[in-house]
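So that we are looking at the same thing, I have put the structure below in structure tokens.
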Amino acid sequence: MPKLWNKGKDDKEVEDFTVGDDHFLDQELLQYDLIASSAHAKALRKAKLISEEELKKLLTGLRQIGEAAENGQFTILKEDEDCHTAIENFLTKRFGDAGKKIHTGRSRNDQALTAIRLYEKDSLLKAADATLNLANELITFSKRHSTTIMPGYTHMRQAMPSSFGLWAEAFVEILINEMTTIKSAYKRINSNPLGSAASYGTDLPIDREYTSKLLGFSNVPNPLAAANSRGKDEAMLISVMHQIMLSLSRMATDLMLFSTEEFGYVQLPEELCTGSSMMPQKKNPDVLELTRAKTAVVQGHYVTVSSIVKDLPSGYNRDLQLTKRPVMESFDITLSSLAIMKRIVKELKVNNKRCLSACSPGLWATEEADKLVKGGMPFRQAYKEVASRLDKLKRPAKPIVPKLKSRRLIELLGEERRLLVGEQEKLQGKLRF
Amino acid sequence: MPKLWNKGKDDKEVEDFTVGDDHFLDQELLQYDLIASSAHAKALRKAKLISEEELKKLLTGLRQIGEAAENGQFTILKEDEDCHTAIENFLTKRFGDAGKKIHTGRSRNDQALTAIRLYEKDSLLKAADATLNLANELITFSKRHSTTIMPGYTHMRQAMPSSFGLWAEAFVEILINEMTTIKSAYKRINSNPLGSAASYGTDLPIDREYTSKLLGFSNVPNPLAAANSRGKDEAMLISVMHQIMLSLSRMATDLMLFSTEEFGYVQLPEELCTGSSMMPQKKNPDVLELTRAKTAVVQGHYVTVSSIVKDLPSGYNRDLQLTKRPVMESFDITLSSLAIMKRIVKELKVNNKRCLSACSPGLWATEEADKLVKGGMPFRQAYKEVASRLDKLKRPAKPIVPKLKSRRLIELLGEERRLLVGEQEKLQGKLRF
Amino acid sequence: MPKLWNKGKDDKEVEDFTVGDDHFLDQELLQYDLIASSAHAKALRKAKLISEEELKKLLTGLRQIGEAAENGQFTILKEDEDCHTAIENFLTKRFGDAGKKIHTGRSRNDQALTAIRLYEKDSLLKAADATLNLANELITFSKRHSTTIMPGYTHMRQAMPSSFGLWAEAFVEILINEMTTIKSAYKRINSNPLGSAASYGTDLPIDREYTSKLLGFSNVPNPLAAANSRGKDEAMLISVMHQIMLSLSRMATDLMLFSTEEFGYVQLPEELCTGSSMMPQKKNPDVLELTRAKTAVVQGHYVTVSSIVKDLPSGYNRDLQLTKRPVMESFDITLSSLAIMKRIVKELKVNNKRCLSACSPGLWATEEADKLVKGGMPFRQAYKEVASRLDKLKRPAKPIVPKLKSRRLIELLGEERRLLVGEQEKLQGKLRF
Amino acid sequence: MPKLWNKGKDDKEVEDFTVGDDHFLDQELLQYDLIASSAHAKALRKAKLISEEELKKLLTGLRQIGEAAENGQFTILKEDEDCHTAIENFLTKRFGDAGKKIHTGRSRNDQALTAIRLYEKDSLLKAADATLNLANELITFSKRHSTTIMPGYTHMRQAMPSSFGLWAEAFVEILINEMTTIKSAYKRINSNPLGSAASYGTDLPIDREYTSKLLGFSNVPNPLAAANSRGKDEAMLISVMHQIMLSLSRMATDLMLFSTEEFGYVQLPEELCTGSSMMPQKKNPDVLELTRAKTAVVQGHYVTVSSIVKDLPSGYNRDLQLTKRPVMESFDITLSSLAIMKRIVKELKVNNKRCLSACSPGLWATEEADKLVKGGMPFRQAYKEVASRLDKLKRPAKPIVPKLKSRRLIELLGEERRLLVGEQEKLQGKLRF
């Protein structure tokens, strides 16, 4: 297949080195490129650079590619280099001159970036959705275990009395906080790269406001700003995914600890554990371990992308191609981790008795000092007093259960859900042909 | 000096290993801790845990520490461990029992975190301010050079005609985008850790809504959520600084290239260059090189902090202490880099003639193809046509100057400035005694 | 296909989450696993745990898998989980009880690790080979251009007179230095994991010295040391690849700069450049840009792997599975980058005239000061003297060409080559059936 | 104080931005610079560029600086920029022309690099020493606990029977492996930068073989290779420190887990734990937590340094200055962590009874299957058989204790110690005046 820039013969080694696995990734980007290309075709028509008939052909062709792809019949090959080339080649083969006109006034730089931004907008909303789903599951869990007293840990040592309700609610609040970051990321990338061409715009009268409206972007940026956002915005998006993964990794760490034979506070759902090839008795928390490890994969991607961007001169540089896989894989990891963690929370069994019996009297040392404080003794003195008779501490018969703020959190979740549904509808309207 | 938890003798090796350079960092955090401690003292009074007289003593003592520190007379020593201990020791030495009561109902965990969050809120607004200042300088530069034609580069090769106005404006828009991220980060950390105590709250009737109001926080979080935000929020803040630095690093890369003997488009201000110890003729762009390198320092800090957080079980862990320097240093780097880059932009001299004479005819190859397109030739054909007679291309006598969107950007800058001034006033009101 | 640990029904979501793309990677590991499995089968025979006939069956089966794989007829599916399971399943299906015995006294932990270590040994020697090949090409280039005077740069500014010979030779010496690191890495991983079983050895009388000899390992480690080396050794290997890539990235940076229109010192081979989809005139150094970007991919992998390892408790943890792709991809990247850089160096055209004419008189300022020094003036004074009359400097008619140390480097290269050939032969003897 | 390159007035903002905390770091580098400077002075004399008398003055002055520094009376100020400037200024002030001659034929680039390489050689040997010390302590511990049966873990779940002896021995072997890497790193950096000047050598007849001999370097590199090794070698050294820290971090992770109330296998030495400001009962493993966190600091430094190096054009660039702190801090962290971990191992108390009673019968499931295997049943069948009657497993009355390889490891440690002592003596002989 001819490459868009091809002037001579191909070179297998160079092709392998430069194309890499882009053609796989582009299979997922294809649908977004088709939408973006149809908007571009409409803008060409508006600028009178193609005829009404040519527009119809192009739109038909783009729709056909979409349908073929859905049926697994439009596969991007390494020789195609990328989905952008594959599309132009298809259109040209099918419609001749109309196909040769689709690339008027655009470059692969802005074409690729537009497809990626649409993909990212879609993926961000999916991440928001999965985040809220997990938060909902945790609220249910939290209410179910609001009175399950357990040791609260600091330094991985028993510290103060806590409850499984408090533990779960903490993660609900943390996940709600992610929504702030997700929304700001969405705003940041909601800027239309189409028309920025090779990085410096085009002298052709392409109406960028018009394509922005067609594609649902809220801003028409300086063309070099659009080009320079590539990679940097990807680093930002990966950091957003990384934030979510860091919370999941800590949740996984807690659950792995709580489900050891030695702690025994919870039992992981059997179908989410795996066994050993050698040891018949094993039930391993592989899903949790991999959640933790995948957090490191996302971190590595952040480093890759930000290192790529750091010293680039302005304008498109080929280095930026290698920011595509990191961002796509980070989204995949985060979406699947959120979903699987939701299943774990849903089916997690808590051993209430074990939780209580594990509580050592020392957990109430601070409460004991506080009692002296209430009687008028300065805290630092009360602290020393209790420290001198730690062996006399006892677990209270009826330990006080920490207060929760479930209602407020449920309200917040509802609010976030409403906002999200609105954005989802708006975006889906733009991603349809 | 006695440590707050001290039960026996000190151990120099352990002290060196655990305290590190915290006492230096805490010198900067001290003022925020004093404000937070005064709010805590007021809450103790409200809860009737101290008398009115004791409150007065504590507030007086805190104010005295603040004044002494301003005059360089309150130095935190390594033996003090941190500013939190130094404050309690001072108050106890000076007021006896009142001092021994200041730590009632709180832990160093929430005390430290509150001081850090106040510091971070203040620093974020400073970063916003410096970002807008640089954007303003760039707008001025952009208008001054709106017609300075220069080669636009992709792949570090001449690509399309551009202008220094377009270049500068791109960075203005990028910097305005940072404001979105800064504002969302501010919202994320605007949550009151005070009262979360060791990570699981306190049984004493501390009114957390009250301290939130006193300190200007907009949310009272689940105590474990507050504890677990430590480190993770720092990673998020460093990523925000890193985003800014990535833009500055690319700007620095452009300017280093443009100011080589070989390009010669700009001349850096002499007072911002340094010389060589050996070569009399050298004028080196050290400030730009260090801006680029400091971006890598911030990146390293991101990795450190996110690696620290990744596998921690819930609740405070001592590892988190080592997230303090990275976040503080990242703020310092970003603030000073923004300031020095503003000076560079302000005094940058552009060599208009050199910019124009460097423009090779190939820059207009696309425009040439577009001419054929306007005449009806399909683009892909026009592309090949022009490719076949590249040697006949000429630089146009009057090259078209790229359009700018200065007015819109100036409006946006004004709007952001108004919002920022409002937040600054609100915060400063809370940070005063 | 049944998993080795399977006790019940499969779960698609869990399979996707846990297996990931391991089955692709394992296609490459398969051949090494077959060799390791045949050594294990021999050890089972030596321990009398299988009969001579069973051994024959197993060896035949393993050889058949190898042949089938070579012809693309043994594909590891996601349902197989990994190559280890696929092998056992094949042998069991084909030979019944003999197949069910292959996993006696071993775990997938040591099986996988052994295959990986063999793969890594093989890959390290390939990397050594490609490193020496590039160094050889550079020596040839260096000799060809030993008198091509060019500006030597510091701070990306003209500093001192240099030559293309000196430049190329610097990279030769740097690449020779990599051999030291490669050899030490090889020594580090040359330790036999087979027999460490699940991490704690086996009570069965498997002779680990025997399998070490069969497989060419030089050490029989403590079993937990073997298990704990997983991931950590991979981080070490990636850092070795990263060192090589850092040199290639700097070489690429130099060549991209030297081949701009503005510098014009070298011309990149046309077949290693790519064009633009939009701009007919473009000839982009994509291969160099991607070499630079791939260095960041390897860096990201280092971060991922070392973050995974950092907080793991001793013994195998599932997290370690995710260290496989990073190390394999880092080898792939390094091998292909070394090979393509060799082509670039081979076909690089130097524009001698342009190199000389670019030399500004300032390059000889230090030499001028040195002349005064030779006349007795203290250097610091001479420096100031020359600094005061920089405008009077001239390029010497016959600039002195920097001396090279080619002969010594050629000797070193020959020595390294001899050592490498020896190791290659030794290893290949062990990797054959 | 005049800077070496100073032509005009100072600029406080630029000084703060460019010098940073270099003057603190340089206090530690000073002694190495003095040695290197004395070698350079001798080479100037050999080249007849200074007189015998001038040489004497310079050597006297350098020795005086050294003595003053030892007594805390030679402090490098921010205005000095670095130790190199401070030295030249001192010599010039004291000896006039002789001082002005010290910088003949060298640049700060090679001067700084030489001092750093000497510091690094010295620090590497210290790291080797501390590594062997910890390994020795672990061997002692291992022998003391060779029969202490405990659960061996995989996936943080009880897997196979193990012993504390096996556990400790694993880390001994891992630490011995580090010696391979340390020695290769030492060889890599044992190359003399002095004489490479600004990156391109000098036309003055400085005898680089002579200074190599004086300073104990074993190679005289191409000058640009020397310059380009800066940063890259630092990344390599940090990766060596990181390898050591990764092992310490895993050891710390094990010990934190084993010392929880829930596991209770070991008791940490009281003087290495710290308390809580609020909770009287706490005994926290801060030293272990910080060891874990400091591993992340070293990782961050690796990222910083390798990102700095990645895209630099050949020759010195100011970015490289920021590689100094990361490498020095990584050495400091590793040395102090090795030392403190040795203390922990030395004073660690093992609770033998608890270790045994924690062993669940499932640990012997594989041994049970192996029994069936010995009776002729294929392993996969035995595995299923045992899996079906896990509840009938019992802990054996006399569990088999894993075999250790202490003797071999003690031999290896002795051998490494002998090699190290030899290198230490050689180096110390060169670092004395």
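Note that the chains take the letters A, B, C and D in the order they are written out, and that residue 1 is the start of every chain.
What we mean here is this: a residue touches a chain if its C-beta (ideal position, glycine included) is under 8 Å from a C-beta of that chain, and two chains touch if they have at least 3 such contacts.
A quick note: this is a predicted structure, and the numbers were derived from the prediction, not measured.
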Selected pair, greater C-beta contact count between B-C and A-C: A-C
Relative to subunit C, chain with the most remote C-alpha centre: B
CA centroid of subunit B to CA centroid of subunit C, Å: 37
Rounded Å distance between subunit A and subunit B, as computed from the means of their C-alpha atoms: 24
Cα-centroid distance, subunit A relative to subunit C, in whole angstrom: 31
Sites on subunit A at which at least two other chains make contact: 7, 103, 109, 154-156, 159-160, 197-198, 257, 276, 278-279, 282, 284-286, 289, 292, 295-296, 299, 302-303, 307, 310-311, 317-318, 366, 387
Of subunit D, residues touching subunit C in the complex: 7, 49, 88, 92, 97-105, 109, 152-156, 159-162, 166-167, 169-174, 177, 180-181, 183-185, 187-188, 191, 197-204, 221-225, 227-229, 232, 235-236, 239, 242-243, 246-247, 249-250, 253-254, 257, 292, 295-296, 299, 302-303, 306-307, 309-318, 366-367, 370, 373-374, 378-381, 387, 400, 402-405
Partner subunit B, residues of subunit C touching it in the complex: 154-160, 256-257, 260-263, 276, 278-286, 289, 303, 307, 310-311, 358, 360, 362-363, 365-366, 368-369, 383-384, 386-387, 390, 393
Sites on subunit D touched by subunit B in the complex: 3-9, 11, 13-14, 16-18, 84-85, 103, 106-109, 197-198, 270-272, 274-279, 282, 284-287, 289-290, 292-297, 299-305, 307-308, 317-322, 326, 336-337, 339-340, 343
